[in-house]
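Common to both upcoming complexes is chain A, partnered first by chain B, then by chain C.
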Partner chain A sequence: MLRFIFQRLLQGLLVLFVLLTISFFLISALPGDAFVKEKKMSEEALQEQRARFGLDRPVPLQYAMYLKRLIVNQDLGISPKKNREVSYILKQSFPPSVILGLNALFIACVIGIPLGVFSAVKKNTWFDYFSMGFAMIGICVAAFIVGPLLQTFIAMKVPALKVAGWETPLDILLPALTLGLAPAAYLARLTRGGMLEILNQDYVRTAYAKGLPFLTIIRRHTLRGGLLPTVAFLGPAFAGLISGSFVVETIFQVPGMGRHFINGTVDRDIFLLLGCVLYYGFLIVILNLVSDIIQALMNPRLRDSL
Partner chain B sequence: MTSSEPQPEFARGTSLWMDAWHRLRQNKVAVGSGIFLILMLLLCFVAAWFMADPNIQNLDNKFSSSSGAHWLGTDQMGRDLLSRILYGGQLSLVVGLTATAVAFCIGILYGAVSGYTGGRIDATMMRLVDVLYAIPFLVLIILLQQLFDAKAGEASAWIIEKLNIEKQTTQKTIRRISNVVPLLVAISALGWLTLARITRAQVLSMKQQEFTQAARSLGLSPMRILLRHIIPNTLGPSIVYVTLTVPGFIMYEATLSFLGLGIKAPNSSWGVLIKDGANFMETQPMLLILPGLFFTSTLFAFNFLGDGLRDALDPKAAKD
Partner chain C sequence: MRVLLVLSLALGCAFLVSCDDQTTADKAVEKGILIFGNSSEPQGLDPQLVSGVLESNIIRALFEGLCVEHPSENGTALPGAAKRWKHNEDFTVWTFHLGEDRTWSDGTPVTSLDFLFSYERMLTPKLAAEYAEMLYYIKGAEDFHKAKTTDFNDVGVKALDDFTLEITLRGSLPFLPEITKHYTWYPVPRHVILRENEGDIADPDSGWTMPGKLVSNGPFTLKSWRINDHIEVERNPHYWDAAQVKLNGIRFLPVNNTYTESRMFFDGLMHVTYTLPPELIPYANENYPDEVRSELYLGTKFIRCNVTREVLKDVRVRKALALALDRESLINNVLRGGQQPTYGMVPPFGNYKTPRSVEFDKEKARQLLVEAGYDGTTKKFPVLKLLTTDRDVSKRLAEAYQGMWAQNLGISVEIEQKEWTSYLVAQTNLDYDLADAGWIGDYLDPTTFLDMWIEGGGNNRTGWFDKDFEKLLKDSEHVPDAGERLKVLQSAEEILMSEIPAIPIYWYTTNYIIDKRVKGWSPLLLNNHPFKFISLETNTE
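For the complex of A and B:
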């Protein structure tokens, strides 16, 4: 297994390299650059600024320069728009996003997985219909509706909760709830589907026939197989959650990373955006690896793949 | 199996699809949902043509309630709400359904081939998925929009010249189409990744099982084993996930519009209508509730149909 992890990490480096290359040329193909909207600057000042960041060179040369700086100096460059080091900007916005993402994930798992398991067990009962209805509502009502609703009906009523801001630990609650609702719904539905697949298997019937207690059957015989699709989904979902969400960050004024993804694109801030892409790619590589390992640990039939 | 019948010449096994169709018809909720979806499609794509123009403004008649002229009232610019909902439904349903269909085909085949082949090919294919996960999506959309805007201008000029159709309607229609195409391409191109991961995990666990070994020892080709023996067994979780991607993509389009990159005004979609309605949540709740009702009911129908399909396609379900 150590060899497997080592191999995957090596492959991960390759993934990041390919990702960086594709993204660099895609971003460079965007019309305009970081200084297009600066109307006040004179033509000469513009040229000077572009030269300062190397944006006046041909794209392949820019790419080579970026790569050299990244590999030799571990330097992500300076954001032309914000005039700050990209690594500094990312370091600032990284903790809020991770904290928010972890909490949202926690909420999603605590709500979603039990709902899914019990709906599968009690398939086609009122509990099933009710919880799946709830899950569907979680998917229908996007963050830009849940957020304001929570602000209006909870934050305004409960004195301990603020409408927006990011100072005390309590401020995490509402944005995490908003962010976690959709993944909770996905988890519930996926878990229910995976569990139904397993509950029909012969060995589960055998377990019932042996007279095992119901909870033991669920815990020891079905959960590991039934949660397989859930875990396959969790890897990328987790990466998505902790790389920040623009909508939730905007609504609740969270100083996270999601806005840099969007603003980096809108402002054509190539170095900032590449920094975000690299960070997100890194998360995807690591979390997909973790998710694959957990799947193999849960299902003996997958262990050959390790 | 129906092998208990006495005459051997009629003792044919029924296919999975026949069984599934048979079981699906028994499921009243699923059939009802299917009928509801067909009605919704008819409403959005046929009935909408007979409605008022969804983009005509009448600022003297803002926020009017239900009346003979405007069945569901009007919005913040005095536009007919029902007509906007139906026209918006066209865009939302096209985005949700097409992108899901593409994602379904690519994701399942890709994940199945990757998982079944294993080894280096599997590693390469799944690492490519990792790369695609992290590609900056907005950049892709902006680039595609640029590409299609240029092409749409040429296309409408060509059509007007060759076919001699009235200029304004053609341009309007083409603009509506060219507005959706980049979204569709981008969402379809990147929407299949999680489905591929889910399918691959299922296939990995199937390829060790006895029925696959049996198929292999019979000398069946890998493609046949995949298509006839493995993929049908993985469809359950995939269909469940797919019923989630339809609303997922529809809402994703709304989020893109929230960023100004989705459907452009005055065109609308369910997501955009819901988002706009949210602005008037406290004073004019109907503007949020009515589009939300269309969206949610369609979603529930998809959901129940998907559950019905999952149950019907479960190879282990009793054949009765």
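For the complex of A and C:
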């Protein structure tokens, strides 16, 4: 097991390196840089600013300087647009994204998993059709439609809920619901698929034949196997949720990470973007690993092969 | 389990709190805090290192220049850091007497040395100030900034004593007090910056602007700043005119989704919005008739013509394109925000009379195109590309231009949408045919719209220049009589419009919603409301 984790971590480092390299050169290939403004800066000022951030050097050299700073000093650099340390910006934006992501994931699980399980159990009944229809809508309807609808028809009607903002615990509810609906729908469909496969197994039929109560069969004999695809999906989904969503954060005014991805690209804020990419890549690597370990714990065959 | 607990607790609280019918805006009114929609996260709070409107809103609350804006009169300067000022006969030398009671928010007096330091810092090339050109009115400032001189004593700013500042200009400038209201002319705290940046005047590190460190001389000081969430300022107890300040604080919210911003207002989360999207104007007019504002704003929308392109070199073609646009219809059917159709580049204000240069006239437009040789038979008009941004409203506008040119001139124009930075780069590199653009004035003088069209000017971006036009601009700097000076500038604008390197479309308006309880907020052309005169009234009924 330890060897497996160590191997995966090494692979993860390689993934991060490739990710960072590709991102760096792609961002550098974009037209313009962080100092392109509507009111154009004087040539002298432009030169001075570019020199300050090392952006006047050839791109490979810039990359080497960035890597050196990152590895030797563990320094993510200064955002040329915001004139602040990237680590400071990420540190401020990380907690809201994690809180929002965790709640969205919680909502997704609470809605998606039971819906999937019941749909599988009540296969081809009205409940199944209804819940899978709901799941299809959840996947198809984008957050930029769900968000404003929730704002207009719920937040503006319920005095305790706010249209946007990030101050009280209640402010988490609507953005988390918006963010959690799509993964809830995925989870429902995945869980249904996984459960259906297990429910058709011989050992489940045997359990029925033994006269075990229905709930015991579901809880003790099918959930563990049926949820395997769900767990595999949860790792990357979790990383996606907690690294923030531009749409949901913008609609609900959540001061999280998601906005930096898009605004950083428009602003050509190279170091902030690379910081975000690194952070997102790191989360994906770690959470994929965690999801693999959980799967191994749930599935003895996998566990033995590690 | 813990998440479940938090959620159930939160829901429990929801029911408890739902009994409270006071909105966030109501509570803020009671506390005397204005909640202000401010579009986006500011780039920074160092007045010398930013160049945007949204930054200027916050900086105006924190800092104060030599003069401040009048709350309701355009072009009137009130005492700020300076208690009075005088000028010589031809407006080339100005003496500002600073108030001895003016202090920084840490109690240190604001002296003329602070101003000297600020202007030197702004002009030091190493700082790379984005908008240092605003100080080029000062004699010798441009040379110092471009490192042609290195001794700041050669720049026309002198401290006659601790509280007297003398500014010598490169020409006559009857409206200098107007310019000193701009944030580029604000003082920055010498003692704090030198301490934070270890004596380096040109260190661009803006650590000194962080909460707890920022020291300012305006009516408010920085209380808290959370990225993409809020910036809050609170009353500055050391402010010289603290008795005038009614608000206890201002909370600036960087809400860049304009629909969310409007919904926040409707939901009682905000007192003033930054803008109001065109689609929501009818709804707001119906439901909030007393709170919707549509006011003239000192800005011009225009289409840049790349005059280095063969077809656009011909002024008749540019003029034809300009005359073929029905501005009234555009405003009434597409924009619906009460904008004003233009007939020149400089919006009309004060005593300046904008020369009437372009109006909708499709017959004449067609005739000009034929004169230019494009009669539809011998020479075919090439397909031009119209560059615009990827914003929704830009696309709608571009489609309207496209339709009007097709209908009125029979020419086809392709729309090319680019994201913001690529759009700016394409214009700077003259890699476009026509480009949808605009300009917001920085101060109340025609030069803020005319200076940009000089040869090689960073904001010209058309490839056009004209020696006579530039000579008139230069000449205007040596005309001490204000009325005569404006006439010279009118002649310059006539040249610009006869050559029409940019086709003016409309003069901007600001559309926004403002809570009835906000008092002391009058329409201002620069939309630069001085917060010290603004108050919140608890009883409106």
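Everything that follows uses one rule, which is that the second predicted complex is superposed on the first by the 302 of 306 C-alpha atoms of A that agree within 3 Å, B and C clash if a C-alpha of one lies under 4 Å from a C-alpha of the other, contacts with A are read in each partner's own complex, and residues count from 1 in each chain.
Simple rule for what comes next: a contact is a pair of C-beta atoms (placed from the backbone, for glycine too) under 8 Å apart; a residue touches a chain by one contact, two chains touch by 3 or more.
Since the model is a prediction, treat every value here as computed from it, not as a measurement.
Engineer: Touch test for A:Gln151: chain B only (first), chain C only (second), both, or neither?
Structural biologist: second
Engineer: One more residue to check, A:Gly235. First (chain B), second (chain C), both or neither?
Structural biologist: A:Gly235 contacts chain B only, not chain C.
Engineer: Between chain B (first) and chain C (second), which, if any, makes contact with A:Pro169: first, second, both or neither?
Structural biologist: second
Engineer: Just chain B (first), just chain C (second), both, or neither: which does A:Pro159 touch?
Structural biologist: second
Engineer: Examine A:Tyr66 and indicate which partner it touches, taking first as chain B and second as chain C; both and neither are also allowed.
Structural biologist: neither
Engineer: Quick check on the superposed pair: does A:Leu30 touch chain B, chain C, both, or neither? Answer first, second, both or neither.
Structural biologist: So A:Leu30 meets both chain B and chain C here.
Engineer: After superposition on the shared chain, which partner residues are touched by A:Ile262: those of chain B (first), chain C (second), both, or neither?
Structural biologist: A:Ile262 sits against chain B, while chain C stays out of touch.
Engineer: Which chain A residues are contacted by chain C in one complex and by chain B in the other?
Structural biologist: On chain A, the residues that contact chain B in one structure and chain C in the other are 30-31, 148, 152.
Engineer: For the complex, give me every residue of chain A touching chain C.
Structural biologist: 30-32, 36-42, 44-46, 48-49, 52, 81-84, 89, 92-93, 102-103, 106, 148, 151-152, 155-156, 158-166, 168-170, 172-173, 249-253, 255-256, 259, 263, 266-268
Engineer: Once bound in the complex, which stretches of chain B touch chain A?
Structural biologist: By the definition above, chain B touches chain A via 118, 122-123, 126-127, 130-131, 133-136, 138-140, 142-143, 146, 193-194, 197-198, 200-202, 204-205, 208-209, 236-237, 239-241, 243-244, 247-248, 251, 254-255, 258-259, 271, 274-275, 278, 281-282, 288, 292, 295-296, 299-300, 303, 307, 310-311, 314, 316-317.
Engineer: Please name which positions on chain A make contact with chain B in the complex.
Structural biologist: 7, 11-12, 14-15, 18-19, 22-23, 26-27, 29-31, 132-133, 136-137, 139-145, 148-149, 152, 185-186, 189-190, 192-194, 196-197, 200-201, 228-229, 231-233, 235-237, 239, 246-247, 261-262, 265, 273, 276-277, 280-281, 284-285, 288, 295, 299, 301-302, 304-305
Engineer: In the complex of these two chains, what residues of chain C are touching chain A?
Structural biologist: Those residues of chain C that touch chain A are 3-4, 6-7, 9-10, 13-15, 17-18, 20-21, 23-24, 41, 43-44, 46, 49, 51, 125-133, 145-147, 204-206, 226-229, 253, 255-257, 259-260, 263-264, 266-267, 269, 419-422, 424-426, 428, 458-459, 461.
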